[in-house]
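Multiple structures follow.
After this come two complexes, each holding chain A, first together with chain B and then together with chain C.
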Partner chain A sequence: MSTIDEATQQAVINLCLSIADDKLFLGHRNSNWTGIAPILEADIAFSSLAQDDIAHASALYELAGNLMDETADNIAFGRKPDAYLCSNIVTKDDQFDWANAIARQFYCSNFDLLRFERLSNSSWSELAALCKRLVVEQQIQVNHINDWVKQLATGTPESKERITNALNEYADAASSMFETPYGFDLLIEQDVVNVTEDIFDAWQARIAEQLSLVDISVDFENTASENEGGRSGVHSDDFADSLTELQAVYKEDPAASW
Partner chain B sequence: MSASANVEVKVKDGSGEDPEKLAAFEAHVQAGGLIEPNDWMPEDYRSLMLRMAEHHANSEIVGALPEGEWITRAPNLKRKLALTAKVQDEVGHGQMLYEVAQDLGKSRNAMLRDLITGKTKYHNCFNYPCPTWADICMIAWLIDGAAILNQGTLAHGSFGPYIRTMRRINMEEAFHFKHGEDMVLTLMSGTEHQKKMAQDAFDRWWGPSIAFFGPHDRPDELERPAMKWRMKTATNDELRQKFVNRFAPAAMATGLVINVCEKDEHGMVTKATPDPLLKLDEETGNWGFTQPDWDEFYRVIRGNGPCNDERVALRRFSYEQGEWVRNAILNGQTTSQN
Partner chain C sequence: MVSKQAIIDVLLTIPDPEMPISIVDLGIVETVELSERAVHVDLLPTFVGCLALPAIAEEVKKKVGDVDGIDNVTVDFIYDPPWSTDRMTEQGISDLAKMGIAVPDGSCCGEGGSSSSLVELQTSAIRCPWCDSEDTTYTSAFGPTRCRSIHYCNACRQPFERMKQV
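Up next is the complex of A and B:
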């Protein structure tokens, strides 16, 4: 991508924001567990995942910010609700149920790894370079969360039931990750997004492979293209609650330095 | 973040032990020697050390709660990351300190259970409210600052595993303090709204910060087991004076006013007047200050502070909602390993 027209630039920004918003709200939601997770060691590890996700979001906001002439903080904290492009799964309330938190992270981490792998070959060299770096950290997340699913599925009958229910509970919401942001086709045309396989199929295969190890089967349906959701700025009440909390102090005085 | 300087426990002084062994033990610790878990120690030493480490560990994980609640409201990406990392550190300190206590004979699960049933305590300062972002800034600056002073002396104690843990924790606390100092300076060089937030929060936290070190020294302080056996190497009043000497001028340099405050039952300030005793004694180098409200201190310690119930309830929620996870991960070995 040597030269960039206005439409492509907007599409590139939308792509960065859709990933960064997913990461920000996922980290935001998961940081809620810091201090109260079920095991101290799990608390510390989950907090690291939250920090990774927020740091990944920061890097992507920086990249988008260069094109938008705006700071990462103002992009992250200062937009109107319909300008956020995160999928619905990342803000879905986990009800402080550890199985829900693990199921959500399992779906999202595996999806993010696929996204970063794919974007490591982007014709936009800056995005490709960033994603090559993020793939390494994302793989650690995936290893960690895949292990958690296995542990809960093989722990006690109760934990197997709980994680199975949570994986099913979040299956519909997982579909929201596959909605594409506005201008996505243009990015495929210009090899900003290098599509060699259907990402839903690839994701489903990885998830199924992990779940087959512990005899869990979940049915997924990709309904993202049929509905306008988070990537189009159409959000749930859970998103509104998260955004209110995210902006609580920032909005006291957006011009102030904190 | 916190420390066990003000742990109030009734202990014996080793009477009943073999006098020769006790004399050799006391000579060893008074000469600066270290005690390791498998060394001979008076049963009262083991018991007091266990309670100190347990109280300290409890304080770390309860201390994570008020700050943890503000992670999701942190006002920018840098603060959000830093606060998450800080609270994560506190949980990590809890984990390390529970290990120290476990080696002295009590399982982690038993300690967590005793915490949520009120059988054991945690540091008093976490029973105060944090109604604004500025309270988070003050905790990181004042309470972590107090903890560094206190733990700096605890790191010269006599129990090997505890002092090694203290040294590691203190390095992380130094980051927390810088993080707090940076946030306070940012507020105090910001808008009028931010400066007012900072002053209001400072008014709420100055009292608990100087009460942090615990009640006044007793006349026989140096003869009490914690000092005699070198578990503590400085008295509460010595540490309190050191804290005021450092933080009173630092606070004033930022533009903060040190007030004596009256508070309502929710811990909110109803009246604030400049501390009339705040003055540097040129001869001693000590700053004068009004003592904290000791009636309030004892009220809160007895469980009647503004946030005692809330903090314990959240720990109980965490313990109960996580029980099935611990059963799954530890395969039913929660009693011995968790």
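Up next is the complex of A and C:
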């Protein structure tokens, strides 16, 4: 990506924002578990996952911000609702049910790892360098969350039933992750995104591999549904609630320094 | 004119805010560029979400800026090459061992491996920094900082930490 025209630049910005917004809202949702996760180790781990997710978002906002001439904080907290490009699954209310939180993180962490792997050899060298680093950190997340799914699936009959239900409950919302932001085709043309295989198929294979170890099967359909629209700024009520909470402090005084 | 070595000597006096080790020995100093009265330092984050990064950048600007003959110090965090524990110096590894923090020696599997067994506890040859025993248990990938994991030594019955192998 040596020269960059306006349309490509906007597509690159959309790509960064779609990933960063997913991570920001997921991290925000998960930070609600700090202090109340079922056991201490899980509490520390989930808080760390949230810290990682928000840090990854911040690094991607900075990349986009260089092109937008805007700060990461302003991008993260200062946009209008329809300028956020996150998918529906990250803002879905988990009802403070641990199985829901684990199921969601399981789907999202595995998807993010695939995204970062794919972007590690992007023709945009800055994005490639960042994603090479993020792949390593994301793999730690994936190992951890895969283990939690197995723990719940091999715990008690109740835990198995609840994680199975949660995985099914979030299966529809998971399809929202695979929506692509505006201009994505342009990025494929310019090798900013390298597509060697269908990312939905690759994701489904990894998820199925993990779940087959504990005899759980979930049907996924990568089809348009009421869960789509997030990548073009059309969001759910759960998103609106999350955004209000997320922006509350920033809106008190957008010019404050930290 | 100030020598590059003089700048590196200053960086050697700057500790990581969360560990008793200099940022040079931690291996996060990638480049030091000196031109006339200006210095530019490129640092590699251990983890992208490390909360100590702003404090480290401030300390570098302050301490290097105090050097006679230097007026301007800039610091950037870059991701290429990615930081890894292989970048730590012998001095750094020994400084951490004194505080009960083990460092991977590259001989055993890291956190980066894929998860395939039901029990993901890592028991292969992680040496206790207190008593040198290899009879240790991997407790959690999530320790007090993003770059450290938590372990337990069954021989001396002490918990210890370890730099994550990345």
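Basically, the second predicted complex is superposed on the first by the 252 of 258 C-alpha atoms of A that agree within 3 Å, B and C clash if a C-alpha of one lies under 4 Å from a C-alpha of the other, contacts with A are read in each partner's own complex, and residues count from 1 in each chain.
We adopt the following convention: a contact is a pair of C-beta atoms (placed from the backbone, for glycine too) under 8 Å apart; a residue touches a chain by one contact, two chains touch by 3 or more.
Model, not experiment: these values are computed from the prediction.
Asker: Looking at A:Val249 after the superposition, I want to know if it touches chain B, chain C, both of them or none. Which is it: first, second, both, neither?
Answerer: Only chain B is touched by A:Val249; chain C is not.
Asker: With the two structures laid over each other on chain A, which partner does A:Asp147 touch: chain B (first), chain C (second), both, or neither?
Answerer: A:Asp147 sits against chain C, while chain B stays out of touch.
Asker: Between chain B (first) and chain C (second), which does A:Ala129 come into contact with in this model arrangement: first, second, both, or neither?
Answerer: So A:Ala129 only meets chain C here.
Asker: Applying the touch criterion given at the start, work out whether A:Ile44 contacts chain B, chain C, both or neither, answering first, second, both or neither.
Answerer: In the superposed model, A:Ile44 contacts both chain B and chain C.
Asker: Contacts for A:Ala55 in the overlay, against chain B (first) and chain C (second): which applies, first, second, both or neither?
Answerer: Both chain B and chain C are touched by A:Ala55.
Asker: In the superposed arrangement, which partner chain does A:Glu137 touch: chain B (first), chain C (second), both, or neither?
Answerer: second
Asker: Decide which partner touches more residues of chain A, taking chain B and chain C as the two options.
Answerer: B
Asker: Is A:Pro81 contacted by the first partner chain B, the second partner chain C, both or neither?
Answerer: So A:Pro81 meets neither chain B nor chain C here.
Asker: Intersection of chain A residues contacting chain B with those contacting chain C?
Answerer: 41, 44, 47-48, 51, 54-55, 58
Asker: Note which residues of chain A are touching chain B in the complex, please.
Answerer: Of all residues in chain A, those touching chain B are 28, 31-32, 34-44, 47-48, 50-51, 54-55, 57-58, 61, 72-73, 76-77, 96-98, 151-152, 155-156, 158-159, 162, 242, 245-246, 248-250, 252-253, 255-258.
Asker: Flag every residue of chain B that touches chain A in the complex, lowest number first.
Answerer: By the definition above, chain B touches chain A via 61, 64-65, 67-68, 71-81, 84-85, 87-88, 90-92, 94-95, 98, 108, 133, 183, 186-187, 190-191, 193-194, 314-315, 317-318, 321-329, 331-332, 338.
Asker: In the complex of these two chains, what residues of chain A are touching chain C?
Answerer: 41, 44-45, 47-49, 51-52, 54-56, 58-59, 125, 129-130, 132-134, 136-137, 139-140, 142-144, 146-147, 150, 154, 210, 213-214
Asker: Once bound in the complex, which stretches of chain C touch chain A?
Answerer: Going through chain C, the ones touching chain A are 45, 47-51, 78-80, 82-83, 111-116, 118, 120, 139-142, 146, 164, 166.
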